[in-house]
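Take a look at the structures below.
Next come two complexes, and both contain chain A; in the first it sits with chain B, in the second with chain C.
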Partner chain A sequence: MFSVRKTALAAALIGATAGAAFADGHANPAVKARQQVMSLYAFHLGTLGAMAQGKMDYDAEMATKAASNLAALTSLDQSMMWPAGTDSGSMEGTRAKAEIWSNFPDVGAKGKALADASMAMKEAAGGGLESLQAAMGPLGGACGACHKAYREPES
Partner chain B sequence: MKWLTALLILLFAGAGVGWLLTSPERVSPDQLAGITPDLKLGEQVFYAGGCASCHAAPGAEGDDKLILAGGHSFPSQFGTFIAPNISSDKNAGIGGWSDEDLANAMLHGTSPEGQHYYPAFPYTSYAQMNVEDIVSLNAFLKTLPAVATPAPAHEVGFPFNIRRALGGWKLLFARSGWVVTGDLTPEQERGRYLVEGPGHCGECHTPRNGLGGLDLGKWLTGGPNPSGKGKIPALTPDQLDWSQGDIAEYLKSGFTPEYDSAGGEMVDVIANTSKLSDADRAAIAAYLKLPQLAAGDASD
Partner chain C sequence: MFSVRKTALAAALIGATAGAAFADGHANPAVKARQQVMSLYAFHLGTLGAMAQGKMDYDAEMATKAASNLAALTSLDQSMMWPAGTDSGSMEGTRAKAEIWSNFPDVGAKGKALADASMAMKEAAGGGLESLQAAMGPLGGACGACHKAYREPES
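Take a look at the complex of A and B:
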């Protein structure tokens, strides 16, 4: 009897501390900020991708606008958006793998690769549909390379 | 530990009455007679089968993915398996293998010495493949670079290091025939071949039972991610509401309909599917839209 009650108490206590320690990433401003930057990447990439795939008519001006915004976004200094302790093992609401914090130079290199591919897209986007399509592969590859290594699948 | 008990029972079966049943199967030489290899086809089969995802060095990119030196490790509840060297080297690799050797390995999980392979090598899926494709694949593999260094050995302890015991596993989980049946168009049939056979999509997208076998009643309904957090997504049409075109595009460029880009192990899969023809990607997508796949009633 006693031991049952003790176990229940222990479980309740563990539940309470786990609840407190396991913060929600959605409420963490840094996590929110980096996820919003990612959404902005996807938004601008969407315009370029829709043109590349023929879902939207090619429009040099609009393509350049989207690519310029993307290039600006990928050149932001994101260091404040990735504070230690905001990995998926430490909190809910984030898909950022803990490996990000143990391989910072590589993450930086992957961020740089994205900035370079975005700059190339900015040059290419206004130069006709084929030129846009050719720049799309490396750009998507730069997103994917980082998501492959450092992002968990959705839960 | 239920799986352990069950496996031990299988082991006993393997040691006693089951000895004959658990002895490795082989293809008959007439099945291979008269097939002329086609290198272009072999290359497509190589990408459809995703061999490089496991047999190229971990982290290899670009042309290095054609160097099949092995070394990828696959932690499992039974120990850690290491993908072997399958380069064209005659000693360290499989350069000396006949078509029959490769067909036995891929269709029956049986080595040239007559031993069972571990199912970390997804031969339960490859078993659905045509022998024509395997003959052409063997010819293509021989055109790839030779690597003279063998890959490290598996780190698997007793009793799972007894390959003979795998015969029982094979009896339980070897699939005979297609998971999805019924009237299919030629495009849907092609998609079924690619998904259920060489593409081995079910190996990740289908949950496993306690013994490590695929739960075919939950075909492609997703499941826990064995290599970390999060879930492997479901691909059934009731769960994945993408159009056929959206799925084909994802398999080509990695972009979702929202222009997010694929991550995790799927990136390696897309590196392969991006090398297939548009028709084959459309066929995979057509299969994934089959209503039979919804709610896991594929296998009735």
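Take a look at the complex of A and C:
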């Protein structure tokens, strides 16, 4: 255990040296928070998507739980999670384009569209597989609209 | 960048070998999800706690935002995040005691107490510094009650 930790520490130190020109987004609590929120979206979307694609048996109760959590998460106030200076041009460890901070009204509208699509999924998810499937399109579209405009491609 | 990634990969491989006896909780989506939820509690509690302790100027609007998010997060249905076999005796990377799985009614009650204390904070946070401070005690108590009973001490 100790040697594993030492190795991880060494890797972290090498990383810190190699990336010295930039702050590390993973060490920024606001960046970490927004990435955790996105990851929790993905956790719940994974369940809904697996059911929609027939990779997991449809379960109305589980689908509703996942969709309810997703609706709550997409309704969080994220204003504290996007401080100025946390874009991909300013730090490592984030793919958030600087355009986010010059287009707040549009970013907010896209976030609202995601919350609305999640709320629609919450209402649809327990109503049968076809109902769930029909709600997946707008939900995936809302995710993609924001990523396409405001997230750097993976390098 | 490439060499940093290679180093991190090497460390991950060494870690995987050293911990081969146990699954890695960090690679388990459910464990990751519950840890992210806890970390998001801490993110918002950090703001409320800093104001309560005078380390940050009291700001009614920001306090209400943080408390509203905390109330939403503590109300999430976590049943999908605690599958059997994800206790600290079964895998690395989690401090969740096996007692959680043999005491679900009590764990649920403690979770409900946290959600209730968070809802009370949501109502109190915007009502002035003393109002926020008064709501911190029950909130911290609810966190601690569950950690004391069901979380392994840091090793």
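Rule of thumb we're sticking to: the second predicted complex is superposed on the first by the 134 of 155 C-alpha atoms of A that agree within 3 Å, B and C clash if a C-alpha of one lies under 4 Å from a C-alpha of the other, contacts with A are read in each partner's own complex, and residues count from 1 in each chain.
The rule is short, and it goes like this: contacts are C-beta pairs under 8 Å (C-beta built on N, C-alpha and C of every residue); 3 or more make two chains touch, one makes a residue touch a chain.
Note that the structure is predicted; figures quoted are calculated from it, not measured.
Q: Tell me the contact category for A:100 with respect to chain B and chain C: first, second, both or neither.
A: neither
Q: With both complexes overlaid on chain A, does A:135 touch chain B (first), chain C (second), both or neither?
A: Once the two structures are laid over each other on A, A:135 reaches no partner at all.
Q: For A:65, decide between first (touching chain B), second (touching chain C), both and neither.
A: second
Q: Report for A:46: first if it touches chain B alone, second if chain C alone, otherwise both or neither.
A: both
Q: Any idea whether chain B or chain C touches more of chain A?
A: Comparing touch counts on chain A for chain B and chain C gives C.
Q: In the overlay, answer first, second, both or neither for which of chain B and chain C A:125 touches.
A: In the superposition, A:125 contacts neither chain B nor chain C.
Q: So, A:32: does it touch chain B (first), chain C (second), both, or neither?
A: second
Q: Contact-wise, after the overlay, does A:114 reach chain B, chain C, both or neither (first, second, both, neither)?
A: neither
Q: Determine where on chain A the residues touched by chain B overlap those touched by chain C, and list them.
A: 43, 46, 155
Q: Which residues of chain B touch chain A in their complex?
A: Going through chain B, the ones touching chain A are 225, 228-233, 249, 253-255, 258-268, 270.
Q: Taking the touch rule as given, give the residues of chain C at its contact with chain A in the complex, in rising order.
A: Contacts found on chain C: 1, 3-4, 7-8, 10-11, 14-15, 18-19, 29-30, 32-33, 36-37, 39-40, 43, 46-47, 62, 65-66, 68-69, 72-73, 75-77, 79-80, 155.
Q: What residues of chain A sit close enough to touch chain B in their complex?
A: Residue positions touching the partner: 38, 42-43, 45-46, 49, 53, 88-89, 95, 97, 136-137, 140-141, 143-145, 147-148, 151-155.
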